[in-house]
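In the two complexes below, chain A is the common chain; its partner is chain B in one and chain C in the other.
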Partner chain A sequence: MSDASLSGAKPAPKSSLLTQSALVRKRHRTGATLRWLGLGAISVVLFFLAVLLWSIVSRGVPALFQYQAQIELYYDPAILNPDGGPVDPEEIGGINLRTGFERGIFTNSLRMTLENAGIDIEGTVERRWVVEALNALDAVGLTGGAEVIADAGAPGDAARVLGQAGSALRAAASALGGDDVAAAEAARDAAAEALGTAGFAQAAEVVAAIDAAGGPDAVAALNATGYQQALLDAAGALRQPADFDDAALSALIYATNRRDVRDRLVENPDLVGTTESVGVPIDIAVTRYLSGELTGIGTAQMPPGFDIGQLALVDAMEDAGLIDNAFRWHFFTNPYSQSGEIAGIGPALMGSAYMMLVVLVFSLIFGVAASIYLEEFAPKNKFTDFIEINIANLAAVPSIVFGILGAAILFTLMDLGFGNSIRGTALLGGIVLSLMTLPTIVIATRAALKAVPPSIRDAALGVGASKVQMVFHHKLPLAAPGILTGTIIGIAQALGETAPLLLIGLSVSTGAALLSSPFSGGLLEQAQSMPTVVYLFAQNQDAPVREGLAQSAILVMLLLLFALNILAILLRRKFERRW
Partner chain B sequence: MSHLKLSTAAIAVLAVSAVAASAQMRTNVQVAGSSTVLPYANIVAEAFGAETDFATPVVEGGGSSTGRRMLCEGVGEGTIDIANSSSLMSATERESCMAAGVTPIEVRFGYDGIVFASDINGPSFAFEPIHWHIALAAEHFIDGALVPNTLTSWAEVAEVAQAMGVAGDLPDQEINAFIPGTNHGTREVFDERVLLDGCEQGGFFDAMIAAGVDEDTAEEACMAVRTDGRSVDIEGDYTQTLANLDSTPTGVGVFGLSFYENNTDRLQVATMSGVTPSTETISVGEYPVSRPLQFYVKQEHIGVIPGLLEFVEFFISDEIAGPGGPLSEYGLVPDPALAETQAMVAALR
Partner chain C sequence: MNDMRMTERGVNTKDIKIEARKVQVFYGANHAIKDVDVDIEDKTVTAFIGPSGCGKSTFLRCLNRMNDTIDICRVEGDIILDGEDIYDKRVDPVQLRAKVGMVFQKPNPFPKSIYDNVAYGPKIHGLSRNKAELDEIVESSLRRAALWNEVKDRLDAPGTGLSGGQQQRLCIARAVATSPEVLLMDEPCSALDPIATAQVEELIDELRQSYSVVIVTHSMQQAARVSQKTAFFHLGNLVEFGETSKIFTNPEDPRTESYITGRIG
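Up next, the complex of A and B:
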């Protein structure tokens, strides 16, 4: 048969191994295309990963550092006892934190520190606003503003002079738009006079421009000068220094809820009347100015809630070396706070760690027990098939469903007399996450048990070991690395799970403290968790929290996940046995 | 083997500690509800924990209606003590609450302005309520019939409003509105103070009544929002609205006053009926779109949960909720009638 087909075939064309036929070239081309496609796919994935990591690292790392002001904190007896006389140590504990400490000791100490550093507080603010007023005037070509302001005396007086000139121009514009010629001319003269009185040389030009344009165009000519708006803007700027008060000064630093300082004074009443150097966080909106993210010029570049007068003080403080940028250690111990200056992830880290502990204990025991039963003891029938299929199904159930399940557990337990104590605790969170992790661990454990060669099992049973002995002495130890790897990956997955926790009271924003030991009730205290705290940070209305601290928290969580995954890889490498 | 024993022991300890702790009395106040009130409640809870010797209250979000539902679940340690709410409790809600043995006490602590803001680099807007009705209504009542809304730009909206006798120009910019979803308390205020008022301002409402439509149907028609994608319901909070504005710079979003004030580097605010929203204009009632913020306290828990009444008193004290306090610094509009609320709460003692 083969002879026939061979003889019937045309003689094959001469080919050489050295020259490529079209078919070979095509094969090579396909191979190359495939290789490039694969490389492209990996590049795209790596690119997105890099973008993701960069967006997290570039924001999260700088946010781990905090600008703080070095303040000479003076425990002023006059504030601690407003009635005068000696301070009663018993009464320090009752002093209001806001009026006595934030607006009292801290604000006064800030003022004192600045003055000691040679900063003229009110003068700095005033000079900045005067510059702002002059910029407004110069922009439209009103020269001589500096003299006008200097002649007027205080900025408030200058503001009145400029304001009057501006109002006169506005009145002139509206009168010129009207039909009454006499009134229009009077208004024109009044405007020129107001400008002249203020000391601007442009008065004559204004009159000339209005006369030259004449009629309805006069209004346009007047408006085109821009004098009117510039004068009113300048007047507005000059009115600002008078508004600068202690509240505006103390807004620069964050000294809210300083119970720690009060407690320290209660414990050491001797400190009253002494001075200590402390670092106080700078307001988080101002940090965006200090870091250069906002330039402080114009509304879009102004830290929300602040003005250029305050920023001038910040500049002065920076020049005097009163501001430094220190690592935000308290981020790892403090609880979440609405105020980004002191917000942290301490309880969240602990809550997540405790939950992982619960997950480890529960899912490992139940997961391994279930796998051993299914692998070694369960009869192969429709019922166990059904169970197997459903374990696989369970692994695909969306996590939010487990949250609803968790809420159901919550209510059942409440009926059993647990009270509210289980809502929002690490124990409940751990149980819910265990349910979610269980299928992953069961599948990994069964795979690991299956991977142990049957010869081990047969040999053990053959020399007379019981089934229990065979499992626990031989199969389980050999499958342990695989089980551990599966468990760690399951836990890593559980660590990042947010949805179920939102439904069972773990997304609280206050009230969670660092938990006590798991053996003395720490599992039953109000807990937070890492992913829900990231969610809180990401929802905060202060941009530096939303776009800084949220990323810092994510960074910490990612590092934990990397550490867990690396641990899983190391365990696999170390204990893996190939058969 | 020892590993297994250890884990069994650990479970036993967990179970024991669980039972032991469950016998303890709850020592912290528990609060849940509105995401608008959440930042204020956080600030007060943090200050309360620092200032007093009571435990820091546990504050959770979840939304106004969820908070009220949790409050009305019943009495006992397993239920929350305070529900934050940016909208008022309805009569039916109160009834079901009372049926569960819960007496909710309404405590108003301030006002919140609802502002309309757009990208800071775009043109500025000066709105009248009628503009929003014309722009967002699903159907307009024209010449005795409801006509589907096909307007696409704010300039067209202003033209229609001018034809109705309301002056004012709007930039020639596409209509892309981001309004709070129906799960928000803010939406109710937006519906009533903006859409319905705008409907009445333009005479649509009266025209419908005159055409023989009954009042409820007319109100519904006034507040029905178009569903062709020009108006997007934001179910999340204001950060999500801001993110939407970032991706659609031609959009106009609805925000709370405090959120706007903390994001003035990204947003410019529109005037409403010629008034710029600010703490001052809202507290004197000039700015039309504002709503009271309140929380509901469970009367049955007062005196049972330690620190509950003290927390309520602390919340509405002049130092906290009054002018110049931390809440007004954050953007709350102080309640001029705070003293009355304080007296009402003091009477609970």
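Up next, the complex of A and C:
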């Protein structure tokens, strides 16, 4: 310092605190960039999370509600025993009872209910189709269609009249395109006359005015009127009411395969001949119409397999207050089914709960024991290093590999004579998931044990505790919150795991459908699990199931996961001790 | 605590409690303690002084085999407690540590209640037959540690909630609760303020009535105040061992003199 001043070097100019130096500015710039990058990353993550949650909630929550028709269900003895005479309960429960008797009961009851509500079933359907026909006619200027249809009498007769006019126009069109002018003129006049006879005087004049010698121009002029297509469409619509039958009526509600009705009758044969008010689910395809998802015109906007006549009936039922939107309670108790109306996640919830129990017992006991041994008792040598590295590696093994392992064990056990019954059991699934969760728990437990201050270890050993006493009296209680958190996170991970369970047969829907109640069965029964049932829902043939119930099941699963994580946080808060 | 008293203490001849002969300690390849011979007398406070890293704490931890918990640590030579080699294969360190208690540098009470802290040792060593006896041990230990009056109304309060000085006295109570014969103290006052230090020092002086106390300290004033015997360690060697008054007033070794006059260390 003194050297510098002695040698006469200029002292550095004094810098002001009020201006930033270049270096400081650069440092602040770097800091600001990092801050913005971090903010950006978090915003992107939050955005995608919001999109995900929105797509699940917006579809899953409405799907938890179900449209159902309030129907006076009449257990008609005439249907239960078409031969007349008393109904034998044994016969109702018999597998080979005349199949489809439920449909008969439901159809008749629905018809009765609608009539009691003042709905003219056939009339409603007919009126809707007449409106459809009139719309077609009006669209091309065939005015007076209403009178034509009314004059013709029944819609079927009107269809014939309109159809004849349409055919005449078609013949005229083909004749006008030909070389024979005389024939063309005759066909044109015949068509005009058919229109006139039907009652479309104005249209008849238009057709008659077409130049018979016009050739292609005349054909174009005739086609431009659109009469032919409109007449044929209207005729087609008017033919529909005659096709409306019981099957079309009962298709509106979930009436087939009603094992529940059969079970109820077997249980209580006194029901035969009585009436009770029940809510019957509306067909899942129709629910989309009711929820307003299908609005607009065209076949793409129709529920598959339904026509506007049936929908008119649905509208009438809604106006009469027969349809309500009730919470789908049975979703939580029913087993999975191909039919979205009754499908549920009951056995899946129970199966997942059973598996979580198995995971908890197996992985907690083995995981904590392994960690304590490795952390406190194992000699530090190459072999234990090798084990440690492999435990860390195990945590990164894709879950499907554990599934393959589970499948290998399964097939070995099956060969050994356990048979097919162990396929897809909760115990097997739980063991496979335990293997998967074990590394997570081992890593969490070791970290928790390491985090206990060494002074506690010294204190315990110094007062004369043995190693085991030191671990179990002091370290383990202090590590417990960390172990619990790790365990719950591991279990939450296992709860959402699909791949290994698919490989060991937990996605088989038929097995769980055999369970009469979701709460029957146990560790050694065929089980389902939440993720595999989501998979099944997502594979369903009906769009409302794929896009609604799958999301509902995911929603339930997410809520369970949130609950588990909150539990982990609460437990940690409660047991956390400071030193 | 003047020089007069120190000389007075020095003339008492006592039984040898711990006899260390040619003790060597290795941390892996590092030779941490070299050829240490020390005789620790009963009912005496022996102070180990020396610069940081000289091995005094390491040697202290040899005396109750706390070094066993460090994998790479190896101890050679003989340490004889009441005529028995504590490194004999038949000796269980757990039993040894009940006889040779230890208080650490940083107060380290268990995150449990004050009562449980003190009762833990007697419980695991089976020193009490029933709750009444245990209560008695806890009370007498806390009295010994001069803590009873401060905590008798809140024995269920967590031990970690006490002040630093109280925590250290709690640790001393915990150590004396197992009725040890030797009490090892590894810089017990380094984390305490002067008032708490004075309380602990007073306590050490009282404990001398019943136990042989070995204390490691960085403070030469503290060594002079509380101890009757002093050992000076330097670079793993025991440089000088003798009456405290002699070490501080008339050291034989020039290294000792340099250290106590502040030229090395």
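The criterion applied here is as follows: the second predicted complex is superposed on the first by the 502 of 579 C-alpha atoms of A that agree within 3 Å, B and C clash if a C-alpha of one lies under 4 Å from a C-alpha of the other, contacts with A are read in each partner's own complex, and residues count from 1 in each chain.
By our rule, contacts are C-beta pairs under 8 Å (C-beta built on N, C-alpha and C of every residue); 3 or more make two chains touch, one makes a residue touch a chain.
Please read these numbers as outputs of a predicted model, since none were measured by experiment.
Chemist: Regarding the shared-chain residue A:474, is it in contact with chain B (first), chain C (second), both, or neither?
Modeler: second
Chemist: On chain A, which partner touches more residues: chain B or chain C?
Modeler: Higher number of touched chain A residues: B.
Chemist: Look at A:543 in the shared chain and tell me whether it touches chain B only, chain C only, both, or neither; answer first, second, both or neither.
Modeler: The answer is first: A:543 touches chain B but not chain C.
Chemist: Scan A:365 for contacts with chain B and chain C and give back first, second, both or neither.
Modeler: first
Chemist: Per the contact definition in the header, classify A:380: touching chain B only (first), chain C only (second), both, or neither.
Modeler: second
Chemist: Counting only touches as set out at the top, which of chain B and chain C does A:463 meet: first, second, both, neither?
Modeler: Only chain C; A:463 stays clear of chain B.
Chemist: Using the touch definition from the top, say if A:187 reaches chain B (first), chain C (second), both or neither.
Modeler: Neither chain B nor chain C is touched by A:187.
Chemist: Under the stated touch criterion, which partner chain does A:294 make contact with: chain B (first), chain C (second), both, or neither?
Modeler: first
Chemist: Just which bits of chain A does chain B share with chain C as contact spots?
Modeler: Shared contact residues on chain A: none.
Chemist: If you look only at chain C, which of its residues touch chain A in the complex?
Modeler: Listed in rising order, the residues are 64, 66, 69, 71, 94-95, 97-98, 101-104, 106, 108-111, 120-121, 124-125, 160, 171, 174-175, 178.
Chemist: Sort out for me which residues of chain A touch chain C in the complex.
Modeler: 379-380, 453, 455-466, 469, 473-474, 478, 577-579
Chemist: Along chain A, where are the residues that touch chain B in the complex?
Modeler: The touching residues are 96-99, 247, 251, 256-259, 285, 294, 299-305, 337-339, 358, 361-362, 364-365, 414, 417-424, 427, 472, 505, 507-513, 518-521, 523-524, 526, 538-543, 546.
Chemist: Mind pulling up the chain B residues that touch chain A in the complex?
Modeler: Per the stated touch rule, the residues are 1, 4, 7-8, 10-11, 13-14, 17-18, 20-22, 24, 26, 28, 30, 35, 38-39, 41-43, 45-47, 49-51, 55-61, 76-79, 120-121, 237-239, 258-259, 261-266, 268, 319, 324-326, 329-330.
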